[in-house]
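Common to both upcoming complexes is chain A, partnered first by chain B, then by chain C.
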Partner chain A sequence: MSTSPALPLAFDETRRSGGLLTGLLSSDLPRSRALSFILLAIVVLLAATPFLFSGSQPVGTAAKICVFIVLVASYDLLLGYSGIVSFAHTMFFGIGGYGIAIALERISPTWSSVAIGLASALALSAVLAIAIGLLSLRVRAIFFSMITLAVASAAAVLASQLSDITGGEDGLSFQLPPALRPAFRLFSEPVFGTMINGRLLAYYLVFVVSLIVFLLLLRIVNSPFGRVLQAIRENEFRAEALGYRVVAYRTAASVISALAATVAGALMALWLRYNGPDTTLSFSIMIDILLMVVIGGMGTMYGAVIGAALFVLAQSYLQVLMGAGSAALAGIPLLPNLIHPDRWLLWLGALFIISVYAFPGGIVGRLRQANPKG
Partner chain B sequence: MSDMAAQSSAPAELPRAKTDWLPLLLVPALAVLALPFVGSPSTWVTLTVAGLAMGMMIFLMASGLTLVFGLMDIINFGHGVFISLGAYATLLVLGPLAGWATADSIGLNLALLGLCILVAMGVTALAGAVFERVIVRPVYGSHLKQILVTMGGLIVTEQLIHALWGASPIPIPLPQSLRGAFVLGDIVMERYRVVAVAIGLIVFIGMQLLLNRTRIGLLIRAGVENPEMVEALGYRIRRLFVSVFIAGSALAGLGGVMWAFYRQTLTAGMGMEVMVLVFIVIIIGGLGSVGGCFVGSILVALVANYVGFIEPKLALISNILVMALVLIWRPQGLFPVARR
Partner chain C sequence: MTASTTTTPALETRGLTIRFGGHVAVNDVSCRFTPGTLTAIVGPNGAGKTTYFNLISGQLRATSGQVIVGGEDITGLAPSARTKRGLGRAFQLTNLFPQLTALENVRLAVQSRADAGWSLLKVWNTRRDLIEQAEAVLERVRLADKRHIAPKALSHGDQRKLEVALLIAMEPKVFMFDEPTAGMSVDEVPTVLELINDIRQRGDATVLLVEHKMDVVRSLSDRIIVLHNGALVADGDPAEVIASPVVQEAYLGVEVARD
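Coming up: the complex of A and B.
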C-alpha cells in the first residue's frame, strides 16, 4: 500500500504538463518516436480512407481494422494486463453481432432497435462473463482457459443450431437504419470528390466508436484499477496479501473486456449488414485475435492497433505477394506449397511463436527498446 | 533370505494407491438411471455400446494430454494437432495398401488397421519429440506462455498438414469387414464401435499395468507426486519427461486413427474440433489422472448419447452441464491429483 499514494500524484503531474493529447491518451504515451509515427500514420490513414482510396475494398479493410483494434485491445486487457487466457472472446464478439442482427431483422431497421439490440447484447455478455469468471477464475488459470474454450464452442454450436433465432449457419442479413444505407445522401454535392452517402457515415460511425472505446480501454488500464490488475498478473499472492480481492478484480476485468468485445461485434455487424457464425463466432477468429495481440505486443494497448492493422492488411494483401512468390518457385517440390497464398497463416504462426519466445513485448516492445525517446 | 524377500515385497505393496470407488460407481449408476427414460432395453444397449465406443476414442485422445500435464505440469493446447497428424498418417498406409481395405477378409482388414495405428503412432511420436524440443522446452514453468506457444505450434502444424496433404477434406474408407453392424435380436451394435471399445480397453489396461506394475510406471507416478525428490534420488527426470511427452503424442496419434476411421473424412482441423471434448474430459477426471480421464470420457460420451436420444436439443450443451455438475461436486475433478 505504501506506493499507491504516490501513483495518483505522478499521474496528475504528467497530465498537467501534457495537455489535451496526454489527457486523451491517459498519460500512457507511445514512448518511442517510431511508434508514435506509425500510430499517427495508422490513425490518419484510417480517418481519411474513404477520401484517399476509391472502391469498396479499402474502406472494408479499414473498417475491419477499426473493429479488430477494439476487439484485440479488449483482449489485451485480459491477456496482457491481467494475465488471463480466455478463449471465449469470440463468444462476446458474436453476442454483439447477433444482438444487432436479431434486433434489426426482427424488430425494425431503426436506431431504437440498434439501441435495444446493443443494450441486450451488453447485458447478456456481462451476465455470462460474471458467471464464467466467478465459476472458474478462483481455480488455476489453466482451468479458465479450458473452460472458456468449452463454453465458447458450446455457444458456437448453439448459434448454429437455434436457427429460428440466429439464422443458423446462414446467419442473418438485415437492413440498416435509413441514414446508414448507401442510397442516403447527407449533401447533394460531393465533398473533396467523394459523395457523403450512408455507407461513408457507417464507416465513420465504426471509426469514431472504435476510437472512443479504444481510448476508454487505455484509460482503464492506466487507472488505479488497471494497476491492480497488473499487480495481480505479476504476483497474485502479494496482491491478495495487500488486501485486493483477486477474484473480484479478475472478474471485473473479464466483464469490461467482454463488454468492449460486444461493442466490437455490434460494429462488425453494422458494417457488414450481416452476422453469422463465420464472421464473429468461429474459432479461427479467436486464433486471429491471439496472433494480433502477441505480434503487436501484449500489455501495451498500442500493440492492438499495430497488430490488428498488420494482420488485417496481411490477410487482404500478403496473399497477393505470396501468390507471386509461389508462382516464381513453381517446379521445386513442396516449397511452392509452403508459400502458397493460402498458407499465409503458417508464416504468421511462426512469427507468433518467435514473438512469444524472443519479443514478449511484440512489435511495440521492440520499437520502444530500439528507439526509446518520443 | 527371508528378510530380503520381505524387503522386496514391502515396497511393491506400498505404492499402490487406494481406490476411490465413488466416481467409478457413477458410470453404472448413470447407465441404470437412463434405462427407464430410454424405454426399450434394446435401444438402451445400442446407445450404451455406442457411448462406450465414443468414450474409448475420447479416452485414447485425452489420455496422453492428462499424463503430460500430470507429470510435466505442461498444458499442451497443440495436442489436437497430433490427433490430426495421426489421422493423416493413415494415408501413408492406405495409399500403398488400398487393396487390404477392400479385401473381404477380417484378418487383412484388422492387419491394415493395426498397421495404420503403428505408422500413425510412429509419426506422431517423432512429431512429439520435435514439438517438445522446439516448442515446449523453452517455456517450462510458465503456463501463460505454454498456452500461447502451443497454440502457435498448433497453427503452424495445421498449416504444414495443409501444405503437405492439401487443404480439402480427404475421404478415407473403413475396411470392408468393419462396416455394418452386429445384430443380436433387437440389439444393433456397429462393428467398428465394438473394435473401438476393444482397443480402448486394451490401451487402458496396458496403461494401468505399466503405471502400477512396472518400474517406469513407479517412476512416472513418483514424478507426478514430487519431481524434485525423484531427481534427487538420481533418476533423470528430464528423460522421463520427454519420453512421456512422446508417448502422449503417440497415444494422440492412435486416437487420431480411430477417430479418422470413425468420421471417414480427414481435415486438418479435426483434432482441434475434438479438443473441446478432450479438455472437458480431463477437467472432469482431474488434471493428471489417467483413471479419471477414463471415467470422465465414458461419462461424457454416455450422457451425450442418452441425452441426445431423450432430448436432442439439450445434447449440445450436455457436456458443459456434466462438467459444471462434476466441478460443483468435486472442484478438482473426480480424481484430484495430490500435488495440485
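Coming up: the complex of A and C.
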C-alpha cells in the first residue's frame, strides 16, 4: 500500500484504473502514508498472529477483530455511505450466529451443516432486510430508525424465548466439523514452531473470509451503485429526480449490509463454537459498532478496520493495562481507584468523547487531512 | 389551443388539478406541448407555475387529471420513473449534491441516463465513457475548469449552470426550466439563456420555461401560456398573449411597471 502512487484529489476522476492493488482496493486507496502504514500493519499482524503470539487469547482477539471489521464495514455501508441509521444490525449478526449454531448443533457437525446454516441465515436476513426496507425506508429517517429498533428488540426477545431452538439465554454450544477441531493436525510436524491444527485453520477461515467480504464491500461502495448511494445520502430528492429509485437503492443497501453482517455472525459463531444473545445479539454490541464506525471514520470503509482493531484491542487489553497501572500506583491516594480495572468502561467512554471531539472525521479523516499524499 | 399543437404532443396535461385543503393551487389545466417548441409559462407569484411543474415531474400527486408523455399516461408514476420516460427538470432553488464535485454531479446524471446505477461489482471509474460524457456537458455549460469543485463552494451563478448541466446530461425529451436565471448576476444571465436557446435549436426538444423576466420570455418563446390563481387564462403567440387585456390586468401590468 505504501508504494501506491500519490493521488492528488479525493475524487480524481482522471486516474486510470490499473494494477493489482488498485483493482483489489477498487481504486479507493488509503490516500495517506500514515494510513497506508497502519492498515498494512493491521493486515500483516492479523495474518501472522498465530505465529507471532502464543496462547489462545491473542488469536481470539485477532479473530474477533476480523469479524468486527466485516461487521463495522457493513454498517459503514449503511450509515456512512447511505445515511441510513439502523439499529437492527446486530439482529443480522445474530441470525448468522444462530444459523451456524442451530445447524451444527441440531443437524450434525459437518461442512454441509455449515452450508445449510449459512444459506438459511442469509435467506432469512435478506427477507427481513427487504421487508424492513420496503415497509419503512419510505418514511422519515427517524421513524425508520425506530422501526429497526423495535424489530431488533423483538428478535432479541424471540431468541431468548424460543429456548427449544436457540438455547434461550444460555445459547448453544456445538461441535465444529472435524477439520476445524483443536485435535485435527494438517501436518504431523510443526511449521515455524507452530502446530497447524484445526484451531489455526479455523482462524484462517475467519481471516480469509473476512478479507474477501471486506474487499467486496469496498468494491460495492466504489461501484456505480455505491456512487448512487452517496448521491442519495447527499440529496435524496435530487437523486429521485435524476431517475434513481431511492427506495429500491436504499433497500438494496440494507440487504447487502445485512448479508455481510450475517456472514460476520456465522464467522463469530464458528470461531467461538458457541452462539448466544450476549455474543451476537445484544444491544451493547450495537453500541460498540456505532462507536467503532465513528472512531474509525464514517464513509471511508478503512475506518472500519482501524475502529474495529482499536476498539477490540481496548476491550481486551485496556483492563489488563489498567490493572497493571493500578497496582503500580498502590499507596498513592485516589489514583489507584481512578484507574482500577473496573473503571475501564469509563475510560473507554472518555477516549470516545475525546476522539469524536478532536477528530470529527474519525481517525481516517484526520490522517487523510494531515497527510493527503499516499 | 393554437394551430401548432395539432401534431402528437411530447407532453400533455388533461384537467390537471391539485387541492391543498380548500385551496386549489392548480385548477383544471389542460395543455399540449409540441416537440420542437419552447413554451414560456408566466403568471404572478403564487399563480401555481412551480406547482404545475411539480405535478408534471411527479414531486406532487394530482388530485385529479392526467399527465401524458409521448402518449403514455404517467400520472401514477414516481418521479424517477417519469425521468426515465424523458421528463427532465431543473429546479428553481438550486438542488444539487453539495459535497460531491461538479463532475460527479453531472456524472451521476449521465450514469442514470445510461442505466448504469445497478452495476455493483465494477469500479465506477472503469466507465470512462460516462466520465467523458459528463466532461463534455461541463464544457458546454462552461464549467470545465471547475469540475473538481463541490457545488457548496461554487458561486450562485455557477450552481445554476451546474443545475442546467444536470438537465442537459439527462438528455430528456422534455426540458423543464423553473426560473433558470433567478438570482443570477446580469452578466451571467446571457450564458444560461444561450444554453436554453441552444437546446431549442438542437433537434426537436420540447422546452417549458417558467420565467419572470419579460424580455427573456419575449425573445426565447414560441408560445406563452399564462397561469393565474392556478387556472390557465391565456395561451398563444407571444405578441398576442402579451397584448391581451387579461394578461395586462392579471400579470404584465404589474411586471411592466416594475421593469
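By definition in this document, the second predicted complex is superposed on the first by the 319 of 374 C-alpha atoms of A that agree within 3 Å, B and C clash if a C-alpha of one lies under 4 Å from a C-alpha of the other, contacts with A are read in each partner's own complex, and residues count from 1 in each chain.
The working rule: a residue touches a chain if its C-beta (ideal position, glycine included) is under 8 Å from a C-beta of that chain, and two chains touch if they have at least 3 such contacts.
Only a predicted model underlies this, so the values are computations on that prediction, with no experimental measurement involved.
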For this session: Could you tell me if A:Ala309 is touching chain B, chain C, both of them or neither one (first, second, both, neither)?
Result: neither
Exercise. Given the touch rule stated above, what does A:Ile69 touch, chain B (first), chain C (second), both, or neither?
Worked result: neither
Exercise. So, A:Phe283: does it touch chain B (first), chain C (second), both, or neither?
Worked result: first
Exercise. Of the partners chain B and chain C, which touch A:Ile142 in the superposed model: first, second, both, neither?
Worked result: first
For this session: In the overlay, answer first, second, both or neither for which of chain B and chain C A:Leu46 touches.
Result: neither
Problem set entry | Which of chain B and chain C A:Val206 touches, first, second, both or neither | neither
Exercise. Is A:Leu77 contacted by the first partner chain B, the second partner chain C, both or neither?
Worked result: neither
For this session: State whether A:Gly243 touches chain B only (first), chain C only (second), both chains, or neither.
Result: second
Problem set entry | chain A residues contacted in one complex by chain B, in the other by chain C | none
Seminar exercise, completed: Residue set of chain C touching chain A in the complex reads 57, 59, 78-81, 83-84, 89, 91, 95-101, 103-104, 107-109, 111-113, 116-127, 130-131, 147-148, 166, 170
Exercise. Of all residues in chain A, which touch chain B in the complex?
Worked result: 83, 85, 135, 139-143, 145-147, 149-151, 153-154, 157-158, 161, 283, 287, 290-291, 294, 334, 337-338, 340, 342-343, 345-346, 348-350, 352-353, 356-357
For this session: Spell out the residues on chain A that touch chain C in their complex, using ranges where they run on.
Result: 9, 11-13, 15-17, 23, 26-27, 219-220, 222-228, 230-231, 234-235, 237-246, 249, 256
For this session: Would you mind writing out the residues of chain B in touch with chain A in their complex?
Result: 75, 77, 135, 138-139, 143-145, 147-149, 151-153, 155-156, 159-160, 162-164, 167, 272, 275-276, 279-280, 282-283, 287, 313, 316-317, 319-320, 323-324, 327, 331-332, 340
